[in-house]
Amino acid sequence: MSEHTAQPPPAQPAAPGSGRRAWTAGKKGTGGVVTTVAAAVLFAVPVLTALFGPLLAPLAEASGPGAPYALDGRHPLGTDGLGRDVLALLLRGGGSTLGSALGAVALAYLVGGAVGLAAAVSRHRWVDEMLMRPVEVVLPIPSLLVISLVGVGRHGNAWAVTMAVALVNTPVAARLVRAAALRAAAGPVAEAMRMQGESRLRVQLGYVGGSVLPVVAADVGTRVTGAVFTVAAANFLGLGMEPTAPDWGVTIAASREALLVQPWSVCAPAAMLLMFTVGLNLLGDRVLDRRDQLPPRGHRDRRARDRWTRVRRARVLPGARKEGRA
Amino acid sequence: DGSASAGATRPRRGGVLRAAFPGAGAKETLDPHKQRQFVDIARHKAMFDKLVELGPTLRPVPRLARSWESSADSTVWRFRLREAVFHDGHRLEPEDVLYSLHRILDPHAADHLAANSLSALDLGGCRAVGKETVELRLKKPSAEFPSLLAVTGALIVRRGYRDPEKPVGTGAFRFASFQAGRSFSAHRFDDHWAGAPYLDELRILSAASEARNSAVQAGEIDYAHEMSPTFARLIEGNSRVALVSTPLSGVDGFALKTDRPPFDDPDAAMAVKLLVDRERLIEVISGNRAQPGNDLYGKGYAYYPSHLPQREQDLAQARRLARRSGLFNRRLTFYTSTVVEGFVNAAHLFADMAGEAGLRVEVVSGPPETYNTDQLTTGDIGNHRCGAMPIPTYISERLLDGSPQNASAWKHPDFDEDFVHAQGIKKETARTRAYGALQRTVRDEGGLVLWGHPDWLNAVSTTVHGVKPAPPNTDKWARFDAVWVD
Amino acid sequence: MARHALRRVLLAIAQLTLLSVLVFLLTSLLPGDAADVLFNDKTGTEQIARLRHEMGLDQPPAQRFLDWAKDLLTGDAGTSLTGGQPVSGIVAHSVGATALLAGVTAVIAVPVALVLGLVTGCRAGGRLDRTVTAVTLALGSVPDFVLSLALVAVFALKLGWLPSTWIGATTGDLLTRPGLLVLPVAVLLARTVSQLIRQFRAGTLGALNSGYAQQARRLGVPRTRLLLRHVLPNAAVPGVQQLARTGDALLGGVLVVEAVFAVPGAATALIEAVRSRDVPTVQALTLLLAAAALFLNVAADLVSHRLSPRVEVLR
Amino acid sequence: MTRPLIEVRRLTAHAADGTALVRGVDLRMEAGRVTALVGPSGSGKTTTALALLGEAGAGVRLSGHVRVGETEVVGAHGITAHAAGVRGGTVAYLPQHPGNALNPARRIGAVLTELAALHAPSGGGRNASRALSRAALEQAQLPPERPVLRRFPHQFSGGQQQRVALAEVLACGPRALVLDEPGTGLDTVTRAALTRELARLARSGPAILLLSHDHAMVRALADDTVVLEAGRVTARGTPEAVLPAAPAPVTVRESGEDPDGGAKEHPEDSGEERPDGTPLLQARSLFAWHRRRGHNVLHDVSLRLRAGECVGVAGPSGSGKTTLARCLAGLHERLGGDLLLDGAPLPALVHRDREQKRRVQYVWQDVHDSFDPRRTVIDQVARTAVRLRGRTVDQAREEAGALLCEFGVPPRTAARPPGALSGGELQRAAFARAALARPDVLVCDEITSALDAETAERVLTHVEHLRTTRTAVLWISHDLRLMRRVADRLLVLDGGGLAEAGACARVLARPRSEATRRLLDAEERGQRRRTALPAEAGPHPMG
């Protein structure tokens, strides 16, 4: 013991002041930046491909169709089972995959999240019950059943499958959000905001929503992944989109047999999806970490708001200035 | 290529063969008269026999019936039976045959598959003639009757057979166990009329295509039924797995509805027949494992008019005909489904080809479960696929006014009359000629665009011998009596 | 707590009843019925009509539902429309394999995810965290069938270490050949673990940042104990909720796994039954799976209730 | 002179923006001695105390020298890596906001036993730990009974939570105790008992650092006193030498005279309402419960508030004061009885319209929990004026800033998130948040508990100002002296029921109920010197 005091204290890393810091030492290193950049790149590649790929696709299609699952010089990533250029498919197929997966999850969270939030924020038990009971009834239905019913009933309709995926995710989102929101909504901060006459919307979205955010952010990434695979699995079963649709998920499902014959036909779209979900999740983590670590939103908000008011005052009525000072 | 028996060792007794077929879950059945799936048929084939089977060219060949003869008007048929024994030791007698036919045609059993084909039987007029012969009487003459006895689900069971769980047949294997959707096993029947099989045990297992793929490669099964052209490419050069490829095992094509515009005009149909690029379809859909079709069913089968010239793509003529028949002004609907792998692909490929020729084709996809029925009424164009069957059966099932599967809506009373007439012709050459004329009519005026005759692909482990190429539904297909393992 | 539990169980029964009506309605809405499907390729309209009568499909749906429900109450789940065998047999044969897969997966996934979630949560941003996060994320992001095919290609076909499918295996074989389980479970684990880890990690982060964790540290509670006794109960809440849903997620994954590895399981049976419009089988399987899901949900609720007593009290 | 247990030399603390929070503090703590750290709110007491554990708030940098036992906790370069070793066993810290320091998911008994076992010198087994934990609970003035041990933290009142947190600290059996405002939220009786208990404890060994605004407690306990102002030590010595003289006792009992020389010029109030004029806020026969209907924590409580009037509420900890306040504020919905505002029924908060919300405002007891940790304090305070009085954001901000300044919280401080404010600063912010509504009824739940006398004065001044604008105030406090100054009438709650009501002066002078008498006795004794105390200490063995 006494030896310790005799020695000079060891040089310190970033002050392990707050408890949290001590436990998460090393966050600030360059590693963080590298990961952030990597995550952004991972995320951006598939998204940009989905957005702008269709514009470039004709270039890739210029060499015309080839033999099925061929790996010849004319097609950089070979061809798929119909002899179509895999690169062209890759360029064309992002929109529907990401669109339907994101759309389904967004819808699920929009509806389910709203229901869950409303149920949690409501101080009336009956509102909670009314909102959550139906959710609880729907919850245990195997999503597989819903997908297959919809897939069988409204065959080959991408919208229907998207809606089905949204539907199966909605109760889950509702419950998740409710559980997370309940803690916040029942706490004194929400009470204080209500006492201040804050609108329900602001209490729910501004504060309770904000407290739910970490849980949701941790969930959204996996949910999107899940949605992509549910759609892909529906195609695997012949319940989803047309097996010829130039969609990443469909392409993977349709070419799966050729994994070892023409690996690109499966691996290229799979890599896109992988980049997307990994990037999305990593970015989500980054944003959350940042949120917990940096000075609170108020600082930034205020500066932004001051700037905004200044602009407004300068532009709009000169009288407003006086009024503002009054 | 083809048979895995090439360079085989000497046949050897003993061993177990594990054969995997696409499964159908709870739908699988032990009742031989309800059979519907390939996996059922294979199982039943091991345990039961039909009176008549179909040979490689889809001609009837003797099975339990040693020989047959008919009255001059082809309404009364006599079948002489073999000296076969059932698994319980009981000897096959005409009464067993009559019992089986009665059971198949039982009015209360709606799901007996052969009932439709055998509905021509006049059961009241059927009888045993002595201990060896059974006499069957038809309601109307048919020279093709023996091949009707070879249809799916026309198996001969033991008199008094009721409980499907206790199958007793004359087949080469005795029942051991069965679990729907999973597995079936049967043991060698030493008293089989054609001599005991080599195998000690036969297991017929159900598995989806992914599982069959990997299992046969890993040596977990010895025989995998119905493999894809992609799989064939995958195992090229694989020393453990060989492909048994059966050429001419059916037909792939498109069906145009000829009972309504635009394809009620033979020119319009001909335009479509001339614009399809058969080679491209074969390359993409069949992985180059098919022979080009000539818009005729049954290439290589009995009654096939092989002298007709091969139809080739002729875009110029196709355009001319299309313009003349007003095809360019219409929007055509291609009704397809994922019911069979490759249907949707073929539909899109066709739509592309038609698009290049200036036609507008919209592909619509329907539910696979009811596709075959829906297809009869929906869309202008549909997919068409048909396994191996005798040409007259094909005509009667697909091209007559009352045919249950008349996908091209080919409804011409005179054609039907000619067909009934042809069926009654006793003399084979004349009958062949009559059938030939009928097929030619359909080829030139009908709505069937039959672009390819795909190979049937089975995979067999190299330790298995004696598996012969044979079109599905024929005698040697899925028959493991003469198969042995190292 | 006991009252709470009882309420939940009663509710679950009501839910199941409602659910069966719902599922029945939905299946009735599908195009075609079992007779159509059965005779899809060998149509004879008259034959179909007879078959339909035989199956009782010509009766009004309400009547059919009531009959079905009456039978069920007497313990008879009916017979399959397509195969003719008792539904209870189909269910019994198919559920075992799926339950085994899901069970083994859960038994492995939960502790692994808990440990990794805690460890990465308390070292958020560290190298270990980044590695684990990236690896599990990537594994969880590979489509199931790609992963299964790749695993089979490597471990079964190339290396020959493990069996590639369950073809022909019986349930008894599973005990003597545990190798059969390895690949399917590995595929199922990839997604499950990845999802669970994320939830546990998020929960851990939140709990670690809280005042009580800070105070516990100030009172000298050592790291491991802090994690296990103080942080875990709070951190587990989102994870437990996620766990309740894992059953469903597993079922989705199981379907692909069942197809690739020829596992004769419930997911395949369910799809097959929907395909062939075999309503009694669909009903029975759905109810069973839903009951399992409900059970998990109720369990999760009770556990969460125990873990965050404050929330329920406020309601 | 022996080497002190804890030695602090030239400790400085800087905020992230460079502001010096603590500037060169020296401190010595010896076993068996109580050192008091006093000073105005925001002077750096908590910051200094945390440094003893090798801790600092977010963004705060420490330097100087802190030695605890043989361990260097803070060195020239900040907190050392050994700091973690002293926490709990050597130095145990009772935080200023105990509410969120308790684990919501665990029963308090389990945590106490765990901590006791953790720091027990030689194991001793489960039973020993359990005995230790019970002893700790008793020392913290909570009954060590099974039902109490099995409760979750949220099932305690504010003052009870404070004591639970204290029990956790005591269960560690540390060599040095750092107690940050241990007396907040405690009624006079409990506080006196706690003071006695702490005195005993100090004599039995550990060194104690007491951070408190409660001069009575400091006088009663402290051997040395260190006065901190703006981060600097400005005085040192015995409490008598350093602290201002003890005020006169609250009450001159049985005197029948107004002892305060008519600080309030209201006519004598028998406690009965004057018949004329409807009261502004009226509660008739209130019942309230928490878990199950029937298990009431408030029984049949009635009260009337007239415009401009201040009604005090006193009572032992756990007697239902907060529950009553929350009922009025509309936050507690499990209640029976009538609430009337201007004669019209007053619904629960969710059903109140904006005007009703504005008219009735509430200041939380546990302020720390009532602020969103992610937004700045000024933002949150200003929202009241925006939402309830329709001010623009900038106007509201200006008003809020001005009000906070008035209370001694500079704008720069208010622009930080709540975690970076001192306990007293936050309490004032919470008050400002409610006051900004210009309410007609202001319910204040112990809003001066974390304030030094001078700062409290600022708040009181504002309360006076509000009353002149006809705002009625419900003032919950344990500080009877303050109560006397503020309140016109006084309600005394005991065990959820109304023990006594009447004019404040009368109640304090001639208490009729046992509960009031006990509170007053304890208050009176608390004013006396420490030496007078130990005789009546209870039999609480420790360790």
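Per-chain residue numbering starts at 1, and chain names A, B, C and D are given in the order in which the chains are listed.
Here is the rule we go by: contacts are C-beta pairs under 8 Å (C-beta built on N, C-alpha and C of every residue); 3 or more make two chains touch, one makes a residue touch a chain.
Small disclaimer: the values here were computed from a predicted structure and weren't measured.
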Pair of chains joined by more contacts [C-beta pairs], B-C or A-C: A-C
Taking each chain's C-alpha mean as its centre, the one farthest from chain A: B
Centre-of-Cα separation between chain C and chain A, whole angstrom: 23
Euclidean distance of C-alpha centroids - chain B vs chain C, Å: 40
Distance between the centres, which are taken as Cα means, of chain D and chain A, whole angstrom: 44
Inter-chain centre distance, chain B versus chain D - centres from mean C-alpha coordinates, in Å: 89
Touching two or more other chains - residue numbers and ranges from chain B: 210, 367-369
Of all residues in chain A, the ones touching two or more other chains: 18-19, 152-153, 256, 260
Residues within chain D bordering two or more other chains: 55, 84
All touching chain pairs, where touch follows the definition stated at the start: A-B, A-C, A-D, B-C, C-D
Partner chain A, residues of chain C touching it in the complex: 11, 15, 18-19, 22-23, 26-27, 29-31, 122-127, 130, 133-134, 137-138, 140-146, 149-150, 153, 191, 194-195, 198-199, 201-202, 205-206, 208-209, 213-214, 217-218, 237-238, 241-242, 245, 248-249, 251-252, 255-256, 259, 267, 270-271, 274-275, 282, 286, 289-291, 293-294, 297, 304, 308, 310-311, 314-315
List of chain D residues in touch with chain A within their complex: 55-62, 67, 69-72, 75-82, 84, 329, 331, 333, 348-350, 354, 357-358, 361-362, 364, 366, 369-376, 378-380, 383-384, 387-388, 392-395, 415, 417, 433-434, 437
Residues of chain B defined as touching chain C within the complex: 18, 20, 24-29, 36, 108, 110-111, 113, 115-116, 179-183, 203, 205-208, 210-212, 214-215, 217-218, 220-221, 367-373, 376, 404-405
List of chain A residues in touch with chain D within their complex: 1-2, 4-5, 8-12, 15-19, 22, 123, 187-189, 191-199, 207, 210, 291, 295-299, 301-302, 305, 309, 324
Interfacial residue positions of chain C with respect to chain D in the complex: 210-212, 214-222, 225, 229-230, 233-234, 307-310, 313
